[in-house]
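Chain naming follows the written order as A, B, C and D, and within any one chain the residues start at number 1.
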Amino acid sequence: MSLLEARGIHKSFGALQALGGVDLCLERGEILGVIGPNGSGKTTLFNCMTGILRPDSGRVVFGGRDITGWPTHRICRAGLVKTSQIVRPFLGMSVLENVLVGGLYGKGLLLKRARAQALEILEQVGLAEAAAQPAGSITVAMRRRLELARCLATGPQAILLDENLAGLTPVEIAESLALLRSLNAQGLSLVVVEHVMQAVMGVSQRVMVLDYGQKIAEGPPAQVVADRRVIEAFLGEEYA
Amino acid sequence: MSGGGRRSLYLGLAAVAAMAWLPAAGPAYYLQLLTIIFYWIGLAACWNLMCGYTGYIDFGSAAYTGIGAYVAGLLMLRLGLPLLATIPLAGLGAGLVALAVGWPTLRLRGAYFAIATFALAEALMRVCEEWSGLTEGGVGITIPQRLAELSYYWLYLGLAGLLVGVTWWVEHHKHGYGLKAIHQDEQAAAQVGVDTHLIKLQTYVTSAFFIGMLGALEGSRLGYFKPDDVFNVHITIKMVIMSLLGGMGTVLGPVIGASFLQLVEDFLGARFLNYYLVIIGAIIVGVIVFLPRGITGSLRQRLRIRPGRRP
Amino acid sequence: MSTLIIQSLINGVLMGGIYALYSAGFSLIFGVMGVVNIAHGDLLMLGAFLTYWMFVGLGLDPFLTLPFSLLGLFALGYLMQRLAIKRVVGAPPIMSYILTFGMHLMISNLALVAWTADPRTVTTAYSGAHLAFWGLTVPWIKLITFLISLGVVGALYLLLHHSQMGRAIQATSQDREMARLSGIKVDRVYALTFGLGAAITGLAGSLVVSFRDVDPGMGLPYTIIAFCVVVLGGMGYMPGALIGGLILGVVGSVCTMIFTPGWSIAITFFLLYLMLLWRPAGIMGKGIVE
Amino acid sequence: MKFRRAGIILLTLALALTLGLAAPGMAAQEFTFGCAVPLSGLFGKDGQLVRDAYTFWMETINARGGIAGKYKVRIIFYDDQSDPQTSAKLVERLVTQDKVDLLLGGFGSSQVMAASAAAERHKFPYLSGGASSNKLYERGARYYFGTLGKATEEVRGCVDVFTSVTPRPKTVAIVGANIPFTAESCKGYKLYAEKYGFKVVHYELFPISLKDYNTMLLKAKAKKPDVLLVGSHLAVAMRVVKAMKEIDFNPKGVAFSYGPTVPAFVQGLKADANYVFAASEWTPNLPYKGPVFGSARQFNQAYRQRFRRSPDYVEAASTAAAVVQQVAMEQLGLKPRVTAADRVRLMEKLHQIDLMTFYGPIHFGKSGANREHPPVAVQVQNGQLINVYPAKWAEKPPIYPTPAWNKR
């Protein structure tokens, strides 16, 4: 059975239909790429799966449990977390404290244990040097890694990464992808959303493509890239 | 717990012990002034615990002093319960109301939360005023029992000490990180597993519980009150100002804010009868303009005391 | 009985107009600068006293003093913003609560020293004069105030949406940094906004003194009502002040008729509370939600 | 570390302020009185009147050499901000910090209740001329005395005056602010209206914070009462008159428990103020005469000279409270520094005293309430306060019924 399964997710905002019955399936230990142009409903899909939004219809099953309509924090504790597209560190807290919160609440650790774990994770993502700095004072690239570190601290089985690579330099992207691969190697399942195709293609084992709230393609990266509808969606009809 | 944290705990306990011993030595009026200062430290600490840490501005905290005072007063008047037995019941009453109110209200944010809490406090005051069969309405009630003057000193000292202690504990434990995370970004906090609504509710109810007890004690100390004495919006405003002057979301903020405001008011009130409130207004404006982090925060900054905790 | 209900409706509508008039400035300042001005009621009080003293000292009709309170309060508001309020723009809202509460203490207590705590009112030849028909009465002054209120809210709406200055204000309220980059003098816009908000509040005060009593300590309750009106109608949405004012006025008046004045206040505030839970962006859903 | 540093800052701050507050020295040949009154807040206006009254008393006494002709009087005033907690705290301060010899009473039921409880604990007599809630006398206090009558008694004259007018009114409506003094006034209205055979057709209390009275009074108007009785203080009374005119509510008579006797009422409302009745405890034309100020008329004249306005009855009652305490002190032969034993003697003396003053007879008896004080009613006629009740002291007969609003 799949680790995470979303079936027939519908979501509308007033007259605007953001998702029109999307299915998503993530296997254990897999990296799934989700691509789609701006406004295709990727973030809405993530928000529906992590309880930030409530889908109008459809079900989300995680680890064999139906988590549809659960509050965000409960889904997090069940092992499914997401990073935000716009990074939202707790600005007034130090980098370490940011990660600490994840361990304390997401994983239910005691303070001492959570602190030790936070240090380990910061080491792993390469932020150990910045541990004592206020989260408001670090660079964008570091904030992206902090966002990931905070998620890792909650002890997840799957992480949804919402454009975690946006705004990074090629070198930084390469570093991040290496990090994602190593996390995946440790058994973590990942869903990576980007609208930059290249990055996702390199790291994903499987890719699905969203356009106007519909899934238009799914399969191994090479196959998806060749799909006529995908090219239309990304580049316009004349290129197809 | 770090060594510095433990030291500050001992220092705090020593300060409370020294204050408890003071009545044996101190001059009488200062005991009275301190009694009132402790009372306000208690109230400001309650407000700070909820609002200072989460950033939710409660403009209706006086609802809980009012409920506390009336629950205790009516239990004494109607059922003849002894005063000390009514105090925890008053806290319980306030806590229960806070539970019922907090459940829906804590989903609001910013100015909306502020005005919703204010509206409820105002509505409760009117209910208390109109329901004269139970509360004797606007004429007020006379409380038949009173403790000895020094008992109030010790009780308020104890409660203020306890509440500052609770704040200290929260600051250094899991709960504090949760509250601060909510203050920073509630959505992000939920995404890393913080049950934001539950923590807010727990804190809100705890704070209301203690506000209720303080209100009940002060009601009995005054001996007589009417709805607009104990539900007064000025009580809330004072809690807010004291927390902010001292420094919101800090352990010692309410202590410094309450002591500062009460002492300054007492000092200036005796010397500049007609102008002292103008001066206090100017001081508040001055603090905001020149020390925007509150007295503690700004002093700490000026004295270059690093706020960072050792990792 | 039906006459009484209709009359209480009329009273409520008139009261709503008055609420709207003194809340419009509050809404403007909040909408543009995000500043909750606790000294709002004190600006109203200053406008009222300006009219009172011109009436007593110079024998000037209250309506003739309107330009003076507009100008006087504009200048004061401009100064207040320049000297202090600008420090809290963009800071957490609590800072503006406290800063302006300090100003409230200063203004109201200076006024207390200067003018004593006597409640004052202005009685002119037309005080209490009313239009009477079908057993109903409509007091002239309140009717005129209501019309002025409509005019002020309408003018503010037009100003914000259809003028150069209005566009600058709008742009600044939406994105301060963008506005700065596109050449708008943000500080000046804020000072003008605050001055404008203060000016119409002073105008409201000048009108209020002719049908109510005023005293130096009157400010805070007016501020609180303005806050409620504006939240109900939607923060920063100008017509919202009118809608919120009318709802509060009519509900208050009709409940006073059916129940008692005390229950009416309790019911009004309870409705306000439910309203906030139901539609936090104000009844029209056009307010700013933080 | 930061806590310790902050702790040191706090302690230094507290210490500095404490030292700054050290007690002032005191001359031995004068009596120091302490007084906490509201100078700001809801009762700021009333508290200022009380302060004027005591100041006037002090100046008069000192001009004659002082109490017993040789001990000057000094008064320390504090502002209690209309807040009971502050009022009690300030009494505490006056007694234990400023070490005053005796106290003078404040204003407002809640504040006086809290302040006099503090005075009681320190065994300081507390005489007030600015509170009349019945609850003040239900506490078994021994050190509390009030020169005003009880609130329910004070309005008797205002009801009684309507028994003598023609045509005799049949129905009354009663409205009042829901705070102690005014609510109890309404109780008094009801009590005496029923006793004198008027039918109470409407009875309603409203919050003091209510600003627009039109709808509230509309309900009273709908009952078509002959007389409207209002439990009021100054601002309430002004709002009632304004609203009545706006809704064209014109009963044959209107009476207020407090307000019209304050000069601001007539100044603000001008002709609209005419014909209203007001409860009072004292007017300058009453045939009272006593120590210090002579007759009521002489007191009025002297007061006018000093403040360029006539005293309100609260000012007269407050001055009288100071006078009766002074007379008791003189009779006991007290000298400055008043001792604890002196204050006990003074308290006992005050319970026995039976004194005629410019304000009328003062006899506290066991309860501390001024039992012998007959209520008075006045009417605004042509902008002047005219005594219309009791009949034997009336300056002019009451004008009844009231003319229409547009004929005033």
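The definition used in the following text is that a contact is a pair of C-beta atoms (placed from the backbone, for glycine too) under 8 Å apart; a residue touches a chain by one contact, two chains touch by 3 or more.
This structure is a prediction, so every number in the text was calculated from the model and none was measured.
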Touching chain A and also chain D, the following chains: B
Central chain (distance from its CA mean to the mean of all protein CA atoms): B
Distance-maximising chain from chain B - centres being C-alpha averages: A
Rounded Å distance, chain B centre to chain C centre (Cα mean): 31
Inter-centroid spacing, chain D versus chain B (mean Cα positions, whole Å): 34
Averaged-CA centre spacing for the pair chain C and chain A, given as whole angstrom: 48
Set of chain D residues in contact with two or more other chains: 39-40, 178, 205, 207
Where chain C touches two or more other chains at once, by residue number: 109, 260, 262, 265
Each pair of chains that touches, named by its two labels: A-B, B-C, B-D, C-D
Complex contacts: residues of chain D adjacent to chain B: 1-7, 9-10, 13-14, 17-18, 20-21, 39-40, 77-79, 81, 83-85, 88-90, 92-93, 96-97, 109-110, 113-114, 117, 121, 133, 135, 138-139, 177-180, 183-184, 205, 207-208
Partner chain A, residues of chain B touching it in the complex: 173-174, 177-178, 180-181, 183-185, 187-197, 308-311
Chain C - residues contacting chain B, complex: 30, 36, 84, 87-88, 91-95, 97-99, 101-107, 109-110, 113, 220, 224, 227-228, 231, 235, 260, 262-263, 265-267, 269-270, 272-273, 276-277, 280, 289-290
Partner chain D, residues of chain C touching it in the complex: 4, 7-8, 11-12, 15, 109, 112, 116-123, 127-128, 130, 132, 137, 139, 142, 211-213, 215, 217, 221, 253, 256-257, 260-262, 265
Residue ranges of chain B touching chain C (in the complex, touch as defined): 55, 57, 104-105, 107-112, 115-116, 118-120, 122-123, 126-127, 129-130, 233, 237, 240-241, 244-245, 248, 274-275, 277-278, 280-285, 287-289, 292
